[in-house]
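Quick heads-up: structures coming right below.
One chain, subunit A, appears in both complexes that follow, with subunit B as partner in the first and subunit C in the second.
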Partner chain A sequence: MKTRIFSLAGIAVLLALCIAAPQMLDAYSLGVALQLLSWIALTQSWVTFSGLTGYVSLGHAVFYGLGAYVMALLWQSAPLWEILLGSGFAGALLALVIGYPALRVSGPYFVILTLGLSEFFKYIVIAVEAGLESSGRLIFGAPDPETLYYIMLLLAVVATLLTWGLARSRWGAGLRAIREDETAAETLGVPVTFLKIAAFVISAFIPGVVGAVWVLRTTYFEPMQLFSPTTSFTIVTMAIIGGSDRAPGPIFGAAFIVLLSELLWARAPHVYLVILGVLLVSFVLFVPKGISGQLAWLMRRRRA
Partner chain B sequence: MNLKSIALRAATASAAMLLAATAFAVEPVKVGVGIAQTGMFAPAAIPALNAYKMWADDLNASGGLDVAGTKRPVKLIVYDDQSDFTKDAAIYEKLITDDKVDLLLSPYATPAHFAIVGVLERYKFPMMGSTAASVQLKAVKPGNIWFPTSALPDVMGPELVKLMKAQNIKTVAISTLQSPFAQEVEKYLKMALKDSGIKLLSSVEYAPDIRDMTSIVSKMKSEQPDATFSLSFPGDSVLFMKAAREQGLSAPFQFVLVGPSAAFFSKIFGKNLDGIVTMGHWSPYQTKWPKAMPFFEEYSKRYNETPDYLDVALAYMSCEITQAAVAKVGLDHDKLRKEISSATFDTIDGPVKFDGVSNASTPTMFLQNQEGKPQIIWPASDATSTFQKKGPWAN
Partner chain C sequence: MDQLASTQLLLSALVLASIYALVALGLNLIYGTMRLLNVAHGELMMLGGYTSFWAFELLGVGTLWSMFGAIALTAALGALCYVTVFRYVVRNRELAARLESNSLLIFFGFSIIIQNGLSIAFSADQRSYTYLNGIFALGDARVELNRLAVLGVGAAATAACVLFFRFSRLGLATRALIQQRDAASLVGINADRIQLLVFCVGFGMAGLAGSLVSMTETVTPFGGFPYTISAFIVIILGGLGNLTGGILGAVLLATIEIYGVALTSSAYRSILVYGVFIAILFLRPQGLLGRKMR
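After this line comes the complex of A and B, so read on.
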């Protein structure tokens, strides 16, 4: 009980600090915080599907890019909130369309299929843009960073609550059962197809909105960058480092990578990606449950 | 030694010490840059960064940057955007708010310029652009960024058609990379070709991750056009040139969009680069621009390779314009904005004056490599040589 009260108090303080951040931080630090929140939201959304089901998706970049594309197409033609929701629904709809065939395969086939579909969709957008004789889309009059920060904070909180709530729900138990043994889960009456598709669709909504917010930050849409598979790889890296089975994992993973990048990119631009690579391998080998899993283990051990 | 000479020496020594002390006391002018030092754009961006470094070093060697009459040393603060333009807004925000730079120089490539337009607007920070070229530049609100390029697709299209007509070209085949700038050139070239009397035989587009252009070149060759256009970026320009060399593409007019002006291109293709036409509006061989050849020689000597005739020239021009404006009005942003918007600047590319965000002085030109030298072949008013048909490829 005491631990629970401390945890809740800690979360309340953290949230209060996040809300007050734009008043306390300079413009650059606010930019870093915005980036951190975007990665938390993206990684949480990945964990709600891949972390719980064990279906490793390398396709989240497509939902992120699609959200950015919807924003670039509709900017200033509708209210901001409508476009943001539209971007999220576009991601979810795409997940529904590709989810049914994609989720019929599993393991490495699913990984390759999601990556392939993501790349396929990127080139469709490139071809559509070429057909429209568009050459990149500039966004003028984007909201200020403070506004974008609060939207991103809301997304990070919603995504975290989603992971937390889902992991504790009957659905979460069903998804975990799929991860452990899909055939056994189905035999026991878990509606595996429905659960997998529902989780995939839910997990695609958040990246759609994050992409839409991020393109307002960069003020320029160019498909090669915004549909880049690097986004998917980074999400998976953060989930592995933070731990992909519980809500604090993506927060630790995103914070670790973003802050480490901030420390290194200006000081050691040529070696920082190498350092990240070494860290990733080290985490996979020595801390397979990620930072959050390791912390939980240490706390359990202390209590025992 | 008499009293008078002792007094004179003492006075001289005091003056020297005072000068030295003043020099140390003068705050350096901090100049910020975010540019690709790693990633896919690095090979093309690093030469532009080299131009910035040469400019700063030369200034420091000559006593510093003239800030409205006071010489101050220059300190470059450079960050790597890792060829990811989505990082540029944060980098330029850091330069402005955290490093508190006095001046900014631009990143590499059009998307990176677009990505920081919002930041420049927000902080009302004037900055000279450099390696950006797009019709969309004209949509940018004037006041905080200016673009020295004259290689804008809506003018390049009609000018290319005029150049071809002057060479009696009758048929054309085009291949285009699916990338914003290349597609803009394609669009305006096709528009200009309509009713020009030049027949478009074929036009293909290809995705950015292309690995081989054999089939595209093969198709072009089978059509026997008078002119071929490879609207490509350095990576696929190399693929196109290799395929053209292997198959002996024999069109007398061969245009390659981005790449041939870079030093690494001539290292790969040597004499085969002769006859290739490309975009660009600077050549060291233009004698009416007296600063052009000294810049070329200094850069070549310092970095042991020739400057990119497009990107490096643009990067250095942006430094020259910034320097001249600061010498006149100092570092005040409002005054700088007015000065850059209204004055005419003497650069390695001749006089430059802006109309809105665009360079209104420099005509759209085209270069052709001739005996290893980039010569301006269009328009006639600025030409350093005349067009020559592409000769046979050497293997």
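After this line comes the complex of A and C, so read on.
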């Protein structure tokens, strides 16, 4: 009970700090905070599907890129909120369409298929843009960083609550059962196909909106960059380092990597990436439950 | 339509197919025997490519010799990789439970390390050299000698590997391990030794492929990724773990790529390749030659 109150108080303080942040931070730090929140939202949304079901998706960037594309196409032709929701629904719709055939395959087939799908849609968008004779789209009159920050904060909170709620729910138990043994789960009456597709669609909504917000931040849409597989890879790395089975995981993972990249990226990008690679390998080998899993374990041990 | 029947296109398709077959072979071996997804395969190719590039630039050694160096280097790396990391991974019960995704992540880490290690060591410059660039006329087609070398060596190495795994004692043991892991151990096959062999051969073939490719393409630290993807498409087309199927997959992908681009435009190359790949997995989830799962 006592720890419960402590952690609730901790969350409240953290949230208050996040809300007050734009008043305290300079422009550069606000940019970093925005980036951190976007990674938290993206990684949480990945965990709601891939973390729980064990279907490792390397195609999360496709929803992100699609959301950004919708925003770049519709900007200033409709109110901001409507386009943001539209971007989210675009991601969810794409997931619904590709979900059924894609989720029939599992294991390595699924991993490579998601990467293939993501690249496929990237090149489709590039071809469409080339057909329209557009080479990159500039966005004029984008909202100020502070507004974007609050939208992103909302997204990160919603994504975190989604993972938290789903992980504790009946659906979450079903999704974990799929991860542990899909055939056994099906035999016991878990509606595996429905659950997988539902989780896939839900997990695609958030990155759609995040992509739309992010393109307003950079004010430039370029498909090679926004559909880049690096985005998907970074999400997976953050989830693994943070821990992909519970809501605090992505927050730790995203914070850790954003911090590391702030320290090293500008000075020595290649060294930063080598360290990232070493960290990824070490976490998979020695800390498979990630930072959050390790912390939970340490706390349990101290109490015992 | 005339151009489609040309020897030139046929040769291009064959050269590409022989590279794809070789690259996919190494990937397939490691996946087939140990269920490990080596996404660093393209990076191993680049290591082989750099070996040949520096051998040519610094020592003046031709690729047809330095390719043995590339094989040795990458095979040694394979042995190191297996002994230090993967022997532990396959034995650890917790890690082995989700072997495929764990191996994917570990190899992804390796690929980042190799890419950026190469960038630190050799800079991100594109490297290329001219070797065996004489023109050989074959009917109405003209082809550079180095492309013929790629075709010859690639096809020979692939064939040698397939024959080795089909007929030799060690090769049969490996295939037994691919087909029935537990039963293979029961009849006294030393899984550890086979796995070490598979790592050396799989990595070595990637190094060889990279060395060959460096004759005709530029080598960069980040140039391996497209090959990794193509190799995955090839082995999924042919069925994971099916070595002969991989050759068929390579021919198929190369044909689609070369003839598809000739019919449309090079701008559509990626859409075409990924489109066919997705269509096949959507329609036949187990791959073209793959056996039905479960």
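One rule holds in what follows: the second predicted complex is superposed on the first by the 303 of 304 C-alpha atoms of A that agree within 3 Å, B and C clash if a C-alpha of one lies under 4 Å from a C-alpha of the other, contacts with A are read in each partner's own complex, and residues count from 1 in each chain.
The criterion applied here is as follows: a residue touches a chain if its C-beta (ideal position, glycine included) is under 8 Å from a C-beta of that chain, and two chains touch if they have at least 3 such contacts.
Note that the structure is predicted; figures quoted are calculated from it, not measured.
Peer 1: Could you tell me if A:G31 is touching subunit B, subunit C, both of them or neither one (first, second, both, neither)?
Peer 2: A:G31: touches subunit B, not subunit C.
Peer 1: May I ask you to decide whether A:W214 touches subunit B, subunit C, both, or neither, giving the answer as first, second, both or neither?
Peer 2: In the superposition, A:W214 contacts subunit B only.
Peer 1: Just checking: does A:A130 make contact with subunit B only, subunit C only, both, or neither of them? Give me first, second, both or neither.
Peer 2: both
Peer 1: Per the contact definition in the header, classify A:W265: touching subunit B only (first), subunit C only (second), both, or neither.
Peer 2: first
Peer 1: Contact-wise, after the overlay, does A:M224 reach subunit B, subunit C, both or neither (first, second, both, neither)?
Peer 2: Only subunit B; A:M224 stays clear of subunit C.
Peer 1: Give one of first, second, both or neither to describe whether A:V236 is in contact with subunit B, with subunit C, with both, or with none.
Peer 2: Touch partner of A:V236: subunit C, not subunit B.
Peer 1: Check whether A:D144 is in contact with subunit B, with subunit C, with both or with neither, and answer first, second, both or neither.
Peer 2: first
Peer 1: Check subunit A for residues that touch subunit B in one structure and subunit C in the other, and list them.
Peer 2: Of subunit A, residues 123, 127, 130, 269-270, 273 contact subunit B in one complex and subunit C in the other.
Peer 1: Along subunit A, where are the residues that touch subunit B in the complex?
Peer 2: Where subunit A meets subunit B, its residues are 26-28, 31-32, 35, 123, 126-127, 129-130, 133, 135-136, 138-140, 142, 144-145, 214, 217-220, 222, 224-226, 265-266, 269-270, 273.
Peer 1: Considering the complex alone, what residue numbers of subunit A touch subunit C?
Peer 2: Per the stated touch rule, the residues are 54, 56, 101-102, 104-109, 111-113, 115-117, 119-120, 123-124, 127, 130, 183, 233, 236-237, 240, 269-271, 273-274, 276-281, 284-285, 288.
Peer 1: Once bound in the complex, which stretches of subunit B touch subunit A?
Peer 2: So the residues of subunit B touching subunit A come out as 37-38, 79-80, 82, 84-86, 88-90, 93-94, 96-98, 110-111, 114-115, 117-118, 122, 134-136, 139-141, 178-181, 183-184, 187, 205, 207-208.
Peer 1: Write out the stretch or stretches of subunit C touching subunit A in their complex.
Peer 2: Against subunit A, subunit C makes touches at 31, 37, 85, 88-89, 94-95, 98, 100-102, 104-106, 108-113, 115-117, 119-120, 229, 232-233, 236, 240, 267-268, 270-271, 274-275, 277-278, 281-282, 285, 287, 293-294.
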